[in-house]
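For reference, chains read A, B, C and D in written order, and residue numbers begin at 1 within each chain.
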Amino acid sequence: MTDTPVALSAAPRGTKPRKRLTPTNIMLYGTLFVAALYYLLPLYVMMVTSLKGMPEIRFGNVFAPPVEITFEPWVKAWAEACTGINCDGLSRGFWNSVQILVPSVVISIAIASVNGYALSLWKFKGSEVFFTILIFGAFIPYQVMIYPIVILLREAGEGLSLITGTKIRLMGSIWGLVIVHTIFGMPILTLLFRNYFASVPEELFKAARVDGAGFWQIYFQIMLPMALPIFVVAIILQVTGIWNDFLFGVIFTKPDTYPMTVQLNNIVNSVQGVKEYNVNMAATMLTGLVPLIIYFASGKLFVRGIAAGAVKG
Amino acid sequence: MNLYKATTAAIAFCAAGAVSAADLEVTHWWTSGGEAAAVAEFAKAFDATGNNWVDGAIAGSGGTARPIIVSRIIGGDPMHATQLNHGRQAEELIEAGLMLDLTDVATAEGWADTVNPTSLLDSCTVDGKIYCAPVNIHSWQWIWLSHQAYADAGVDVPSNWDEFVASAPALEAAGKIPLAMGQQAWQSSGAFGVINVAVGGPDLWNKINVNKDADAAAGPEMAKVFEAAAAARAMAANSKVQDWNQATNLVITGQAGGQVMGDWAQGEFQVAGQVAGQDYTCLPGLGVNEIISTGGDAFYFPKQDDPEIEAAQKELAKLLLSPEVQVNFNLKKGSLPVRGDIDLTAANDCMKKGLEILASGNILQSGDQVLSADTSTQIEDLMVEFWNDPSYSAADAQAKYAEIIADAD
Amino acid sequence: MAVTDGADVESPRTTTKRPNRLFKNMTAKLAAIPMIFTALVVFIGCTVWTIYHSFTKSKLLPAPDKWVGLDQYERLWSTRRWLVSIENLAIYGICSLVLSLLIGFVLAALLDRKIRGEGVFRTIFLYPFALSFVVTGLVWQWILNPQFGIQGVVQRWGWESFTFDPLNNPSIVIYGILIAGIWQGSGFIMVILLAGLRGIDEDIWKASRVEGIPVWKTYIFIVVPMMRPIFVTALVLIAAGIIKVYDLVVAQTSGGPGIASEVPAKYVIEKMFQAQNLGQGFAASTMMLLSVLVVLIPWAYLEFGGKGRD
Amino acid sequence: MTNINVKDLTLEFGAVRVLDKLNIDIQEGEFLVLLGASGCGKSTLLNCIAGLLDITDGEIHIGGRNVTWEEPSERGIGMVFQSYALYPQMSVEGNLSFGLKNAKVPKPEIAKRVARAAEILQIEPLLKRKPAALSGGQRQRVAIGRALVRDVDVFLFDEPLSNLDAKLRADLRVELKLLHQKLDNTMIYVTHDQVEAMTLADRIAIMRGGVVQQIASPSEVYNRPSNKYVAGFIGSPTINFFEGSITDGGGEFLSADMHFPLTGYDASQGALTARPAWLGIRPESVITGTDVDHQPFTAEITVELVEPMGSDTLIYTTLAGIPFRFRMSGKASVAAGDALKIGFDPAQGSLFDKSTENRL
């Protein structure tokens, strides 16, 4: 449609509503831009700092763009920064993190989704009590639990060794870490899945039961294919949480298998002479890359999943 | 799992068939420039024996590293060797039977005769058995002074604490920070200890810290110490850094006049290519009471159930105290060797001063050796608050201090 | 069936008796074992263990036989650092609760106004949530650095007397941490609330337009009350984060200057591991737990109390 | 033998008793409708019969077999839900065969049954589609098909037509009736729509508060409601109730200043005696025009409101001091304010005891 003026005898009363620069819109976008500035500032600072040389940092300000762009801090953070006598930067930790991440995410989500499914559709006597305890668990600071968990894992390892006859150590193995991540991810994930499955029409569940499907058949064939949005949320939350974890990573792994965050901490806290802010920032960004990419890539899916999982209180 | 176990077992078996070589994972929190260079000496020497040093550095401080070390030992997944401050930190772990008994190594190597001062070995001894290998002597009792800063301010480099205090206004006038201080609790507490010994004298320090004499802690002599600390606080008011080596860096670059810090600071000067007596001056005991506190680091060896590993652990223990390694390590680290029988001609001015004092027996036990970790952290909490809050009066702090000493165990 | 001759009317496999309740729903119970284990053994078990040991003089290792009664608690409540920690947590908690909800809701409402580039804005607001507290703490420490950061920049512009150094000023340091905490977490709250807003019936908006109610009034008086359950979810998530605040403080200020930005979780950890005084750490964590219960029990009662699914 | 017997069925949710010692016997091939207002327990009862709810007490027999504690799939039932409950990620074919696969029915057999059900329901062209691509009516056919393929003798319907629009509902209603005639299955059908109930049912069970009020054929329920509640629930517009009393000997019913002769009333509980009571007169039993004079009761009324419905017209007025509704032919031309003479036979109405509200 072209905008050829057509002489209309009866012009509508009132102003034409489709104006771009209404005061409301100015305020709306103005607020959004100011807010965006606040959220973007640190990212900007990280970025420019990581591209500056040390002298520039010492005499410039944090917001000034780099005069001379250098990628050396990135190279150093990835491959050269030293901790103790190891000077291979973050690179060592990257694959370790991936190896920890994958089983932890898969197992924790598998268990939490089954929990949520059982809690919403196969309630049994006491199931709500366990759920309430679980939710309380979300409020216990992790650090408080370290000590008993360490003892628990030791005992469990010994118990398993007795049963299987081979020596099994949960402490210091990747499986110990997976168990810990599963336990601490459980409250929030279970809540999400429970809410999601509770919003699935109950009649669907009934129909499947009349069709002779049991607990697992309904879970795998009916519920699982329907739960994609909430799985996206769960995966995002877990990937972020586990990737960013420092505390459990450092306690339940060994130097060979230290995750990236432990190495980040080492790089950032290994002050040799002056703090190399540029290297620190580059290391920081490198470490944050995986969760960041996941966030940027998931976009709308995350919001949609949250809507499905969090809306029911 | 089984396959994995079998494979590891096979590998271990093969390895055993060769020389008694093993990978030893060693945790420590030595990550600053000088520290890392020193650790590398250990690793080099150990690797030379055909074993393999797996470095488990945990950056941060003992506060970050210790929970990790302790929980891994308790969880049944101990590292093979670990740094800990000797003294009372490991007592319970030893009592619980989690640490390897090194008595046979110590006897064979004659540690009892070579380790000087003997108090170091005493700290490693529980019920007559030796559980740790001391590797160095660290003394808190130093102040490090920047020649450049004093030159810029146009005053002479002070030769004792009183002169240092007197020179402060001149430094401030020249836009310098008279006293560089990191804001972490252990630094506040440590600096206070140094001032305590310098101003109050070693006897007072012993009375309070060894004998837990709360009256002395509340007494007039101690009041003077607190006044001195309050004065130091004022001098450090513009020092807004966290880490100790950042503070040291202020001294190295001439932005600050001096820093009260242990002898490990020397490693930083060395890394920066500065020469003692030329670029910087060190004053033991703040130039007042020339004395050295003999704290230090030690290595503990958590018990393992693999005889191969145990052999390697003992080998490492032996190595750590061998004369050659002691020299190389301590030169890099800037600390004093634990053996009285080695030649340190390569040592610089400051180290030599320390060695002389050590030889003369002018020594003090370290806080780690006499106070429990609990009491130490209580004092740290008090000190970090005192140093950072100008409105916290010396008298109030002293009262609180006396309270802590009264409850100390 | 229709052609059966009645011979198998009373087939032997007929179950006339109510099956044992324990075996009813058995698969679900088996599948829930990890959850039951976590709830009972880990959460309850560890909590009981912790509470018990808070009455002992445990040092580096737990010492269940060294019973000292309430000594640890007496010491706890006479420790200045603990009192400062509690006060800080209260300030941080209330401010972060209010601000997260407020900022989160305002941003969500703005994004809900059929904005151009909604996806871009949403990603911008949300991305900090992908970063760890350690990273957050470091970046903001850097930005708030009085020498290189905001204060330095403004002073270099010529406003010499400008001071903005929250991290070096004991009386406002907790707000410096708050700035970083809000930055990290409010985007997530925004997403949750946005999801809630999207769940509001379009007709509500039509009705309020027809009746000529201003947009802001519609939000405050109609939409917000309708979103109660979502606000509750958001509240729970924020609250769970507040009580755990630790990494952020460690990375940003290490509790300084002095003890001005200490928080309870940090006290607990340092007492347990650095001071090697488990008993004291456990006593402090028990107090934290107690405060959580005080807040949580009324909420849990309202949320889950009695109302089952129809 | 697929009759269904519900014996002393009781269901409690915590302290709330939802079903109270319920007894229903359903004959083989019977179409029973459970009718009631929402919350009366009709769906709950259906779920109990299906085995989807664990009952508190009592027994359920299907085809002579005690199935009280059997799994839903073992009871030989098929069920159709209000929301259709189609598995969203499966095609129509997948939806139809899911139950059979679970029951490990051989593949050729599954194909055969699916084909047959699709043919009966005329959904063959839809077999490969996903439910999201179907209209409401098509979805409901698939849902019925899912019950059909199970080759069972009992069908349970839980308000299957409630989500459809009026026209589709009427069409499918007819189809359901045809289906029943064709298959001759036992069907239990839950609805709150009395038109569905009246048109489909062999017998209607009207429920209220977890108790069956009356179980009888549609005409019985309509003409001889067992209590005041049933009378008021069935029929649209609702029945007119006069409050009053029966005279000695049961000859007349007095309300306000009106006398309603009861000669010829078919009493349910023995002869009528003097007592306070309700008299219910269906709007449909009121007569106007020339035949009025033959009626035992006549009255002059003023029309207050007219609702033309096409086929017929509803007139609102006041009689004996109460609002009174009746139905006239759609052709009648009446306007508000008109005076009209009406008549009916009170003996064709229903009398209910004032206190027990049971039919007299």
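Note that in this section contacts are C-beta pairs under 8 Å (C-beta built on N, C-alpha and C of every residue); 3 or more make two chains touch, one makes a residue touch a chain.
What you see is a predicted model, and the numbers here were worked out from it, not measured in a lab.
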- Query: Could you name the chain whose CA centroid falls nearest to the centroid of all protein CA atoms?
  - Reply: C
- Pair with more cross-chain C-beta pairs in contact, given B-C and A-C: A-C
- Most distant chain from chain B by Cα centroid: D
- Taking each chain's centre as its mean C-alpha position, how far apart are chain B and chain C in Å? 39
- Centre-to-centre distance between chain C and chain A (centres being mean Cα positions), rounded to whole Å: 15
- Item | Length of the line joining the C-alpha centres of chain B and chain D, rounded to whole Å | 89
- Where the CA atoms of chain C average out and where those of chain D average out, how many Å apart are those spots? 52
- Where does chain D touch two or more other chains at once, residue-wise? none
- Query: In chain B, which residues are in touch with two or more of the other chains?
  - Reply: 67, 74
- Going through chain A residue by residue, note those that touch at least 2 other chains and give them in order. 147, 151, 265, 268
- Can you name the residues of chain A that touch chain C in the complex? 28-29, 31-32, 35-36, 38-43, 45-46, 49, 57, 60-63, 111, 114-115, 117-119, 122-125, 127-128, 130-145, 147-149, 151-152, 182-183, 186, 188, 190, 198, 202, 214-216, 240, 244-247, 261, 264-265, 268, 277, 280-281, 284, 287-288, 291-292, 294-296, 299-300, 302-304, 306-307, 310-313
- Message: Taking the touch rule as given, give the residues of chain A at its contact with chain D in the complex, in rising order.
- Response: 201, 203-204, 206-213, 217, 221-222, 225-226
- Query: In the complex of these two chains, what residues of chain C are touching chain A?
  - Reply: 21, 24-25, 27-29, 31-32, 34-36, 38-47, 49-50, 62, 103, 106-107, 110-111, 113, 115, 119, 121-136, 138-140, 142-143, 145, 148-149, 152-153, 156, 183, 187, 191-192, 194-196, 198-199, 228-230, 232-234, 236-237, 239-240, 243-244, 246-247, 265, 268-269, 272, 278, 285, 288-289, 292-293, 296, 300, 303-304, 309
- Message: Which residues of chain B touch chain C once you look at their complex with the stated criterion?
- Response: 62-63, 66-67, 70, 74, 89, 91-93, 96, 183-185, 240, 242, 372-374, 376-378, 381, 384-389, 400
- Tell me, which parts of chain A touch chain B in their complex? 82-86, 146-147, 150-151, 153-154, 157-158, 166-169, 171-173, 250-251, 254-256, 262, 265-275
